[in-house]
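Chains here go by letter, A, B and C, matching the order in which they are written, and residues are numbered from 1 within each.
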Amino acid sequence: MTKKLDRPMIKVEGLTKRFTLHQHGGARIGVFGGLDLEVKKGECVVLAGASGMGKSTLIRCVYGNYLTSGGSVKILHDGAEVDLAGATPQTILDIRRRTMGYVSQFLRVIPRVSTLQLVMEPLLENGVSAEEAEARARAMLASLKLPEAHWSLPPATFSGGEQQRVNIARSFVREYPILLLDEPTASLDAANRAIVVDLIKAALAKGSAMIGIFHDESVREAAATRFFEIESYKTAA
Amino acid sequence: MTTQAPPLLRVNRVSKWFGEIVGCRNVSFDLHPGEILGVVGESGSGKTTLLRCLSGKLEPTSGGAEFLSKRHGPVDIFQLGEQDRRRLQREEWGFVHQNPRDGLRMRVSGGANVAEPLMNLGGRHYGQMRRATTDWLERVELDISRVDHKPRNFSGGMQQRIQIARNLIHQPRLVFMDEPTGGLDVSVQARLLDLLRELVRDLQLSAIIVTHDMGVARLMADRLLVMKNGDVVETGLTDQVLDDAQHPYTQLLVSSVLQL
Amino acid sequence: MSVQPTAQAELTAPLYNFAYLDEQTKRMIRRTILKAIAIPGYQVPFGSREMPVPYGWGTGGIQVTASIIGRSDVFKCIDQGADDTTNAVSIRRFFAKIAEVAVTESTAEATIIQTRHRIPEKDLQEGQVMVFQVPQPEPLRGLEPRETETRAMHAYEEYGLQYVSLYESVSAYRRIAATASYPVIVDERYLMSPSPIPKFDNPKLHMSPALMLFGAGREKRIYAVPPYTRVRSLDFEDYPFETQRWDDVCALCGAEESYLDEVVLDDQGNRMFVCSDSNHCGERRAEGHVGPMVDHALAGATS
């Protein structure tokens, strides 16, 4: 009997995902089938497997960005287990706002929103005062060594590495119970990668549950509490 | 357990037929406070017909839409008398037209256009209304020294900003938008969308935005309805519908978007 | 001074029905008038007839007068306040001829006063009827061209738009600049155009002992303000309704409280201000009041 404290934050059961490409005569592309995975508080599960095996796909299924073709994804939200498949859009949006964060290597750039504003948003959306949000955002940007001159600019013209650091700032400025990380350090140099590892470790220590994909081996080794091999679940269609 | 506010609008199987031609058919959805719903589709998809029905401009052939009105409580907007429906449109809703000429009085000044909703609500103090108007013009980033100019003296993008101010000044709870940036230059579009997004979030409005532009949908909407030939073929969270489209038509739409 | 109908009238009478209109038309217009009185300020559509003057020359007023006038009535007609302008004279003679009624220039003696663009200075009494000639009965027409919309606005009491025009005026001129056709609310319900009378006359509509009837022939509407009805001119809290004021008095009779017309006298910029209400001015002079230019040549023209 699992104690309440021990309940997994993420519970994936029998997850199957395939794509049907109607533009190409209905071709079916299988990604994985019957996948089981549990992630508890304080765990960082790093997905292992060659590219194209469905690591990103799995993360997107957990986030609700992709629909599932079978099985279930359950998220612990406000103390209750929510099955994403049956959840209302409002519930999923609420989960994303308060419980589950997602960092990808791409930063969605909105024309005129400043970097500082972008990093403040997750806090403002959760009822943090503007003054506090700004202070925490500044601290986060500073710790990621983003030049202060850039904070008032929209990130559209930043380099890939800078955009990525903005992304990371956005995801770590607030403590998410669950964090999904899809190549968050892809464009970063060693020094910045190390900073990200520290952020990950700090969050894990506070009880965050994470699933991560890391291209860089040293980060993988440093961040992972365990590995999950995805290849064994590969399906044809 | 998350406590969720009751839906602001519950649309139940709304259909509109023009004789034998279907406008929209059996459209149902809920809209919650603070939510933005995008309705996407190509010309003839029925999205504009749907919008016109829901905003009280067109009577549907069948179906209902329950709105949580401040004045009446939950009420089926199609069962309301015309006087009450018009009042709802004036007091609790906004409607941003694609062409600002349809949403503004071209023969009165920009300032008067923006102040009119206040006068409709019983405003009788010129000074106060003028201050509110200039505040709003600043908010939509117009030069307040031009507050007395007529709309025809402004560019299309500026006219659209006046229309936006006019539709938000009375703090509506639900705003309908019909291709709000269609027909504008790309750079103007980008800035306007940004402004809209900011305002909608600041004021915690609910909005239903009709657009054929997937970029607009992705930027603005939390959820999408994809329409084709009057039917809703797919619905879901915006990022899910655009990234993992299920229906063949949705996949076609998404794949047709030019990636720059 | 009244003028009695002459023998001339006896010759022409058989060619026309009494007061020109046929009896069925009069009944239709009377029904319209009754409805208008029952709903103060509401514009009632009616079947406007062809009249011996074209649209734009007072056909609405003439039809209303023709429907209510009787042999015992005394008829006065003024145009811009004066009894002696061309059109006022024509209409007065018209009714003298085809209704065989007594006509007068005296406000006190008249039972029916047809007017274009003014209300007489003298207080009206119970039993008197004012008939206004109206070019555009719809006060919102300038801002809302659609008849379907203005009808809905009146039906649902949606008058925010009228305030838009006042707002425009203040923003352009720092005050509500409308000086005539100043919009009013009748009995706190209907928005009404009082016809192009100067706003100076608007207060005379409020709680008047007389019946006010408004006829628009071209637009085919009749409306009414019954006796002792509340009539309020629109304004803003911070820009309240004000009537016109002059620095001068009437040059002929010295009146300080009447509406003055400006008369340009020459090319050197000389001008005089004279009471617009010719009867009022003449009566005052008959009583012995004098103004600063009482010896002027124009004094003889009004009597």
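Everything that follows uses one rule, which is that a contact is a pair of C-beta atoms (placed from the backbone, for glycine too) under 8 Å apart; a residue touches a chain by one contact, two chains touch by 3 or more.
Source: prediction; values computed, not measured.
Trainee: Which chain would you call central, comparing Cα centres to the global Cα centre?
Mentor: Per-chain C-alpha centroids ranked by distance to the global centroid put B first.
Trainee: Farthest chain from chain A, going by mean C-alpha coordinates, please.
Mentor: When every chain centre is compared against chain A, the largest gap points to C.
Trainee: Can you check how far apart chain A and chain C are, centre to centre, with Cα atoms defining each centre and the answer in Å?
Mentor: For chain A versus chain C, the centre distance works out to 78 Å.
Trainee: Report, in whole Å, the distance between the mean C-alpha point of chain B and the mean C-alpha point of chain C.
Mentor: 47
Trainee: Rounded to the nearest whole Å, what is the centre-to-centre distance of chain A and chain B, using the mean of the C-alpha atoms as each centre?
Mentor: Here chain A and chain B have centroids separated by 32 Å.
Trainee: Which chain B residues reach two or more other chains?
Mentor: Nothing qualifies.
Trainee: Going by the contact rule at the top, pick out the chain C residues touching chain B in the complex.
Mentor: By the definition above, chain C touches chain B via 143, 152, 155-156, 158, 160-161, 163-168, 170-172, 236-239.
Trainee: Could you please specify the touching residues of chain B with respect to chain A in the complex?
Mentor: Contact set of chain B toward chain A: 1-2, 4, 32, 35, 190-191, 193-194, 197, 219, 222-223, 236-237, 239-240, 243-244, 246-248, 251-252, 255.
Trainee: Help me check something: in the complex, which residues belonging to chain A touch chain B?
Mentor: Answer in residue numbers: 19-23, 60, 64-67, 77-80, 89-94, 110-113.
Trainee: So in the complex, the part of chain B that touches chain C is made up of which residues?
Mentor: Against chain C, the touching part of chain B is residues 82-83, 86-87, 90, 105, 107-109, 111-112, 115-117, 119-121, 123-127, 129-130, 147-148.
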